[in-house]
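Chain nomenclature is as follows: A, B, C and D, assigned in order of appearance, with residue numbering initiated at 1 for each chain independently.
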Amino acid sequence: MALEICHHGFKPWQALQAHQDRMQPGSFGATATFVGTMRDFNEGDGVQSMTLEHYPGMTESQLQAIIDDAHQQWPLQDVLLIHRVGDIEPGEPIVLVACWSAHRAAAFEACRHLMEALKSRAPFWKKETLTNQSSRWVEKNTAGYSSH
Amino acid sequence: MALEICHHGFKPWQALQAHQDRMQPGSFGATATFVGTMRDFNEGDGVQSMTLEHYPGMTESQLQAIIDDAHQQWPLQDVLLIHRVGDIEPGEPIVLVACWSAHRAAAFEACRHLMEALKSRAPFWKKETLTNQSSRWVEKNTAGYSSH
Amino acid sequence: MTKTLGSIRQCVHNENMPVKVKLFASMREYLDLNETEIPIENIETVADVWQAIAGDKPMPENTLCAVNLEHTNEAAGISDGDEVAFFPPVTGG
Amino acid sequence: MTKTLGSIRQCVHNENMPVKVKLFASMREYLDLNETEIPIENIETVADVWQAIAGDKPMPENTLCAVNLEHTNEAAGISDGDEVAFFPPVTGG
């Protein structure tokens, strides 16, 4: 298990490769991952940059609790969670969640659950600077379990 | 959109990086991926190697139909699907599915849907060679939407 | 007239393409047959194709079939030139 | 005896740690306050902490609060030395 609050840019696919290189090959059959990336638009406005604030101490303990909870609910071989904080530009990754398991159902469901739990429980806050130079706090996260 | 039947080993995280490098940064907010990897055990037996057979022509058209169907159901920016065929060893990737979208619900759900559709409709067949040198066809895929 | 009709019929008959049949995975081993062609005559459905290639051998439970690269069922109709495939449940991914 | 009790009470009183209060994101801007400490006296619940730092300013709808890094609610009890935080709905991920 690895959990990281990242104060600089990170490369999710390289991080996955590096993490997996340390795992036992052949021991897992399913890897489900999610990467959240900063977009250059939100709610109809162009976004120039973003600052991600967090609550040092609580963020880590909440994320750890969320990961522990997932391990209780699903048979997971491993979990990797990286979350960016600080100043971010469009196109840069914000969050990476990856779950390794023997079978796909556990990996998919745990990965989804981790993201929903992170979005509702982990103390992070986004402030956007728009292309018109005004800034605003993102007021709430988008819906999780509905898309059709 | 990219769809590949791969006759040799591939590196999923590098393939994702390469594919994403060709996309417009900032245009997507969510990437959900799944990687299926060959395990060294199945149904209680040690597995030494595997041969993945497919139906050239039908495999590609079924996968394309599955991807088209996902595009109909969810607002997806892009889809990448790579599936290995031929002789495979434990630890090697078998399948990669990735979905890019503005928001996570579409990316997660489309990725899951693609995998379930692939597992039920795409003509691939696995034959395992066990560590005791006997070989057997894998008779059916594991359950998709249940894990608890 | 009869002769003319007969020759037209003969001509159409000659243009009939055979039905291409493909077998995969355990189905190929079950019938010890990879790929074959059978004449369209007397073939109306996928089930007829099975009988033409398998004879007395029963179709295994859970057998899947495809016509022209699309999943279908035993009752599906067959035209000349069609490609018919029989295979066990798929296990990709 | 009265004097002794008084001095013991005084002693316990001196050992009380203040309550640490932290504010985040739009809540920090709303109260123009980043972090502070308040004496435990007269503080029984999270709601009391809010009143101590915010005075007349009402708590915005949807405000979240945490005690010692755990999510909780306004009715939660406070002990000396606790760390209390107020913040808007979280928007990570």
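In this text, a contact is a pair of C-beta atoms (placed from the backbone, for glycine too) under 8 Å apart; a residue touches a chain by one contact, two chains touch by 3 or more.
Worth saying up front: this structure is predicted, and the values here are computed from it rather than measured.
**Q** If each hop has to land on a touching chain, what is the smallest number of hops from subunit B to subunit D?
**A** Step count on the best path from subunit B to subunit D: 2.
**Q** Indicate the whole-number Å distance between the mean C-alpha point of subunit B and the mean C-alpha point of subunit C.
**A** 30
**Q** State, to the nearest whole Å, the distance from the C-alpha centre of subunit A to the C-alpha centre of subunit C.
**A** 51
**Q** Just curious, how far off is subunit B from subunit A if you go by their C-alpha centres, in Å?
**A** The separation of the two C-alpha centroids amounts to 22 Å.
**Q** Can you work out the whole-Å distance between the CA centroids of subunit A and subunit D?
**A** Centre-to-centre distance between subunit A and subunit D: 30 Å.
**Q** Which parts of subunit B, given as residue numbers and ranges, touch two or more other chains?
**A** In subunit B, the residues touching two or more other chains are 36, 104, 115.
**Q** Which parts of subunit C, given as residue numbers and ranges, touch two or more other chains?
**A** Answer for subunit C, listing residues that touch two or more other chains: 93.
**Q** Give the pairs of chains that touch; include all such pairs.
**A** Listed in label order, the chain pairs in contact are A-B, A-D, B-C.
**Q** Looking at the complex, which residues from subunit D come into contact with subunit A?
**A** Residue positions touching the partner: 22, 24-26, 66, 69-71, 85, 87-93.
**Q** Contact residues on subunit A for subunit B in the complex?
**A** 11, 13-14, 16-17, 20, 25-41, 73-74, 90-91, 102-109, 111-112, 115, 142-148
**Q** For the complex, give me every residue of subunit A touching subunit D.
**A** That would be residues 36, 52-55, 57-58, 61-62, 83, 94-95, 115, 118-127, 137-141 of subunit A.
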